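Take a look at the structures listed below.
After this come two complexes, each holding chain A, first together with chain B and then together with chain C.
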Partner chain A sequence: MITPPEVSWIAIAPDLILALGAAVVLLVEVQWKPAARVLGLVTAFSLVLAVGATLLQKLAVEDAMLAADPERLVAFSGMILMDGFAVFSRFALLGATVLGVLTGWRYIEGLGRRGAEALALIMLATVGFSIMVASNNLVMMFLGLEVGSIALYVLAGMSRERPESDEAAIKYFLLGSFASAFFVYGVALIYAGTGKLAILDIRAFFDQFIVTSPTVIYIGIGLVIAGLGFKVSAAPFHSWAPDVYQGAPAGVVGYMAAVAKIAGFAAMARILLTALGDLDSIWLPIVAALAALSMFVGSTLALVQGDVRRMLAYSGVAHAGFIMTGVVGGETQGILFYLAVYAVQLLGAFAVVVAVSGASGARSSIDDYRGLARRSPGLAGSFTVLLLGMAGLPLTSGFIAKFGVFTDAWNSGYEWLVVVAVLASVIAFAFYLRIIVAMYMDEAEEEAPALVPTVRWVVGLAVVATIAWGIFPGSLLDLAANALAL
Partner chain B sequence: MVEGILFVLMAVTALAGAVTVVVARNPVYSAMGLLGTLFSVAVLYVAQLAHFVAAVQVIVYAGAVMTLFLFVIMFIGVDTSDDRDERLPMQRFWVGILAGVIVLLAAGITLSGNFDWVPAAVETIPEATNGTIQAIAEPLFTDWVLAFEATALLLTISAAGAIALAHFKGQRT
Partner chain C sequence: MLDSVTLADYLPIALMLVLAGLFVVGSLVASRFVRPDRPTPEKLDPYECGIVPEVEPIQRFPVKFYLVAMLFVIFDVEIIFLFAWASIYVRLGWFGVGAILIFTFFVFETLAYVWKRGALDWNVRQRSRYLPSDAVDEAA
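Let's look at the complex of A and B:
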């Protein structure tokens, strides 16, 4: 007699809706070959439903917390957690997907019949990462990671007319598979050391036992950090990022980078802070060293880039370091707040890149931005706000985010890391300023870029969010503070 | 005793196959060497009572994947005059060192007989041998049903991704 599986529909409702949406897009495209607009509407409808389902999840989490019954939030025989942490990360992922689809809409439309696949892949990537952030089981987490990553590899190669896109896809695929192998090997070694795969079980194991010969577990931790470090493009695992950011179609790069960072760091926080919290004497120095290296390498190499997309890639490396500072700090509030803020800024910045350099091209030289303030003042002003937000100037959301993770790291005794982080922020400020100077000080050479309405919305939304969260961060900070992992 | 002889036999064929993969000039021979390695390892899995893994190894790797390899090799055409430059300096030397270190490490661990550093290995020895396929199937469709379904997403993505990449009909610059 086989007992039926333990099913909790609400725990996977957003994922289910998006997966069905992707299936509908693919099937409708085959059967009726509708206009791209129809497929876009299906996608928008699925995304709205998924956001609604996530809201329901949030209510369910609050109910369970009020009833002091967290057991209710463990679903599918302990495979999936529907805790506040997962719900917040899901909101961030869905928000990034909405902004990403809007940014890339003109590009997806232009793909013709392949546009349906692009939309389906975007939705499925979100499903994968959303499973990853909610998983309570390392195998489940790996599956989510692969579902998301493989969809991103294909998206990187969508611009078949350019060889750079092929190169980006193959490079991302090979290095990404390698990193996934690292991750899964690390998971296997942690399993070999503890005999547990579920994150809550691993935590209980370390609460209960003292491992006498933990070498295997230590190697496993190192490999897991390396694997996830690749996904979030932390130095020294960042070498793929500039080529992929530059080669992949600009319309989807912002989305790719944002969701990979959100999911990668959510998974890292879950594994390190929840499962391996008792072993922090082991992983804290590793993460701190990677954070320092990422901030330093990212900031200095970004200084010398002549291409805005490569520069944003290296700035992404530096930001990975800042978020890792938050991991060292050990507070999920700081990490989640930073992730949400950075994802919005990144998507906004790439929307500007799409507006200035085109959604499918490979080049986005800093020369394209010279004199942008004269040609289209609104766009230049928006980009300035977003760049200053990334740099972490006061009165922008980036400042609150940086301040949060730095405080956490300081309180957990990593003062030197905070000093490095502040220095890196100053260096980073220089290259953000370089673009701003080019936009405002130089003479205009070209025509004003034509703005697609969807791109305009994304830029506007990102700017409003950057300023609003910089002046009134309370609501988002509260949300992040309540987004506790079980 | 039987297991020992079986292990030696299969380990030797697995290694011979692996060496063939690297050494053979003709890619078809390389593919055949890989086939031999995969089969030998499958037999080793059976000796470890992992019948399901052995079956999967034969059906998926030795069957489907190898057929695909051979298909691709035949499709592209067997050309023995391929570019075989070794681009990294002292490539063979470093690979030799690395292989030596791994062999020494494995030999050292085996000779010392100390496996304490894998604590879970002691607890999780499969207790039932009456059909490990059933033992895998039951949790797969109960506790692990969501993971099982997530792999279905992977197949969807690979199909959609293949179409997205291959269906391009425009001009390459």
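Let's look at the complex of A and C:
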């Protein structure tokens, strides 16, 4: 007799809503060929509903925690988890999606009839990553990873008329598939070694048994780290990032980078901290080495970039290193806080790029930013705040985030990594400063860029969040602290 | 616990590999000795039926084949799921019905979308409605 898994609609409600939203957008488009605004409204409606469903999930999680009944949060026979960790990551993903759609709205509108595809792909990518962060099963996680990644590959190539976009899509697709293969091979080896696929079962397995011949599992862990390291663009798996950040349509790059980082690190935290927590003597050195390499490579290479989008890509590599420092620290609070803060700053920064160099973003050389302070002081000021936030200056959210992950890493005995991280932060400060100097010290050459209202909202929101979370980080820190994985 | 899984458990697979290899080599060698050997020019052609190719094809193939192949894969996957479900649908009960309905909805949604967008119109040359102006109809 087969017992069908218990259906828990609430556990997958946000994903179902967004998947339906994507289907509706596509069907409405082919049937009625409405104006882009209508499709945008459908998307906005789906996103609002999904956020509402995630709020309900949060309430359900709090209920279950009060009742001391965490079993309630395991859904679909242990495939999906609705724990605080998943809910927080989902909020971050949905927030990034909202900001991403707003940033890219002008671009999506300009795509004409293909705009519906862009909207649907954005929603489907969020569905995939949202399942990934909530999965308790490595195969489920892989499915979510693929759904999200494949949508992102297509998004990277949306601007068919620009060869750079094609190049970005092909590179992203080939290297991404390669990384997915690494990940799934690692999953297979972990399964071969333990006989378990569910995260919680793997943890129970290592609590219960001491593995006598663990080579297979070790190789599996290495492959999983390599696969996820690619997705979050950690060195030495970062080579795709600059080309994709530069080639993909500027309107959606910020979204792509943000959701991939959130989901990748949430999955990494789940696998390494929860499932393989007992084997930390194995993976801690690997992750620490990757973190140090990422911070060093990202910061130094960002110094020599002449293109703001490439610079943001290398800064993303450095940030992957900082977040990995948080993984070494072993506290989900630090990781989640950093992810949320960085995602907002990244999306805000790319909104500025869209404002300065246009929605398809043909050019984003640092020369375009010279004298921006004279042309449009508000935009230059906002970009300055966002860049300083990424650099981790005190009174910005970036400082609290960096401070959190550094403290965690220090407490877990990786003092040398913290030293490397602080050095890398100093190097990183130099290239953020380079843009700020170009904006304020140089003469204006061109007209002030025309700001699209939706882009203005995103920039404004990101700036407010960066300052507000920098001065009053308490509420977000509490949320992240309560977002515990089962 | 883990010691129960050893390389010896993979012995049947290894044996299978060896047997498969032996079968291939064996049947090729055996047929070489058993069959009559009377080649004619027709028999040595790459294809026994159809027109003998004169030159390598230089023009591009229509990308429609690619679309058909992709649609085929979609329906192939659908059949795999439907088949598994159909063989035990009684025991799965309403859960199975619900799951398969959601699944087929999204598959048919895909079909409806590509159909409406004209991906299945074989003879349509001009699809400029969907493409940026410079990418229209390169294959012509």
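Here are some notes:
As a convention for this text, the second predicted complex is superposed on the first by the 481 of 486 C-alpha atoms of A that agree within 3 Å, B and C clash if a C-alpha of one lies under 4 Å from a C-alpha of the other, contacts with A are read in each partner's own complex, and residues count from 1 in each chain.
Keep this in mind: a residue touches a chain if its C-beta (ideal position, glycine included) is under 8 Å from a C-beta of that chain, and two chains touch if they have at least 3 such contacts.
Quantities reported herein were computed from a predicted structural model and do not represent experimental measurements.
Following the overlay on chain A, a clash is recorded for the pair chain B and chain C. In the superposed pair of complexes, A:31 makes contact with chain C only, with no contact to chain B.
Shared-chain residue A:19: touches chain B and chain C both. Between chain B and chain C, the partner in contact with more residues of chain A is B. With both structures placed on the common chain, the touch criterion links A:154 to chain B but leaves chain C unconnected. After overlaying the two complexes on the shared chain, residue contacts for A:144 are found with chain B alone; chain C is out of touch. In the superposed model, A:80 lies in contact with chain B only, and not with chain C. Within the superposed three-chain model, A:127 lies in touch with chain B and out of touch with chain C [touch as defined at top]. Common to the chain B-facing and chain C-facing surfaces of chain A are residues 2, 4-5, 7, 19, 23, 26, 113-114, 160-161, 192-193, 195, 211-213. Taken together, the chain A residues at the contact with chain B in this complex read 2-7, 12, 19, 22-23, 26, 76-80, 113-114, 117-118, 120-121, 124, 127-128, 131, 137, 139-140, 143-144, 146-147, 150-151, 153-154, 157-158, 160-163, 169, 191-195, 211-213, 215-216. If you check the complex, the residues on chain C that touch chain A are 1-3, 5, 88, 91-93, 95-96, 98, 105-106, 109, 112-113, 116-117, 129-132, 134-135.
Across the interface of their complex, chain A is touched by residues 116-121, 123-124, 138, 141-147, 150-151, 153-154, 156-158, 160-161, 163-165, 167-168, 170-173 of chain B. Residue ranges on chain A touching chain C, taken from their complex, read 1-2, 4-5, 7, 19, 23, 26-27, 30-31, 113-114, 160-161, 192-193, 195, 209, 211-213.
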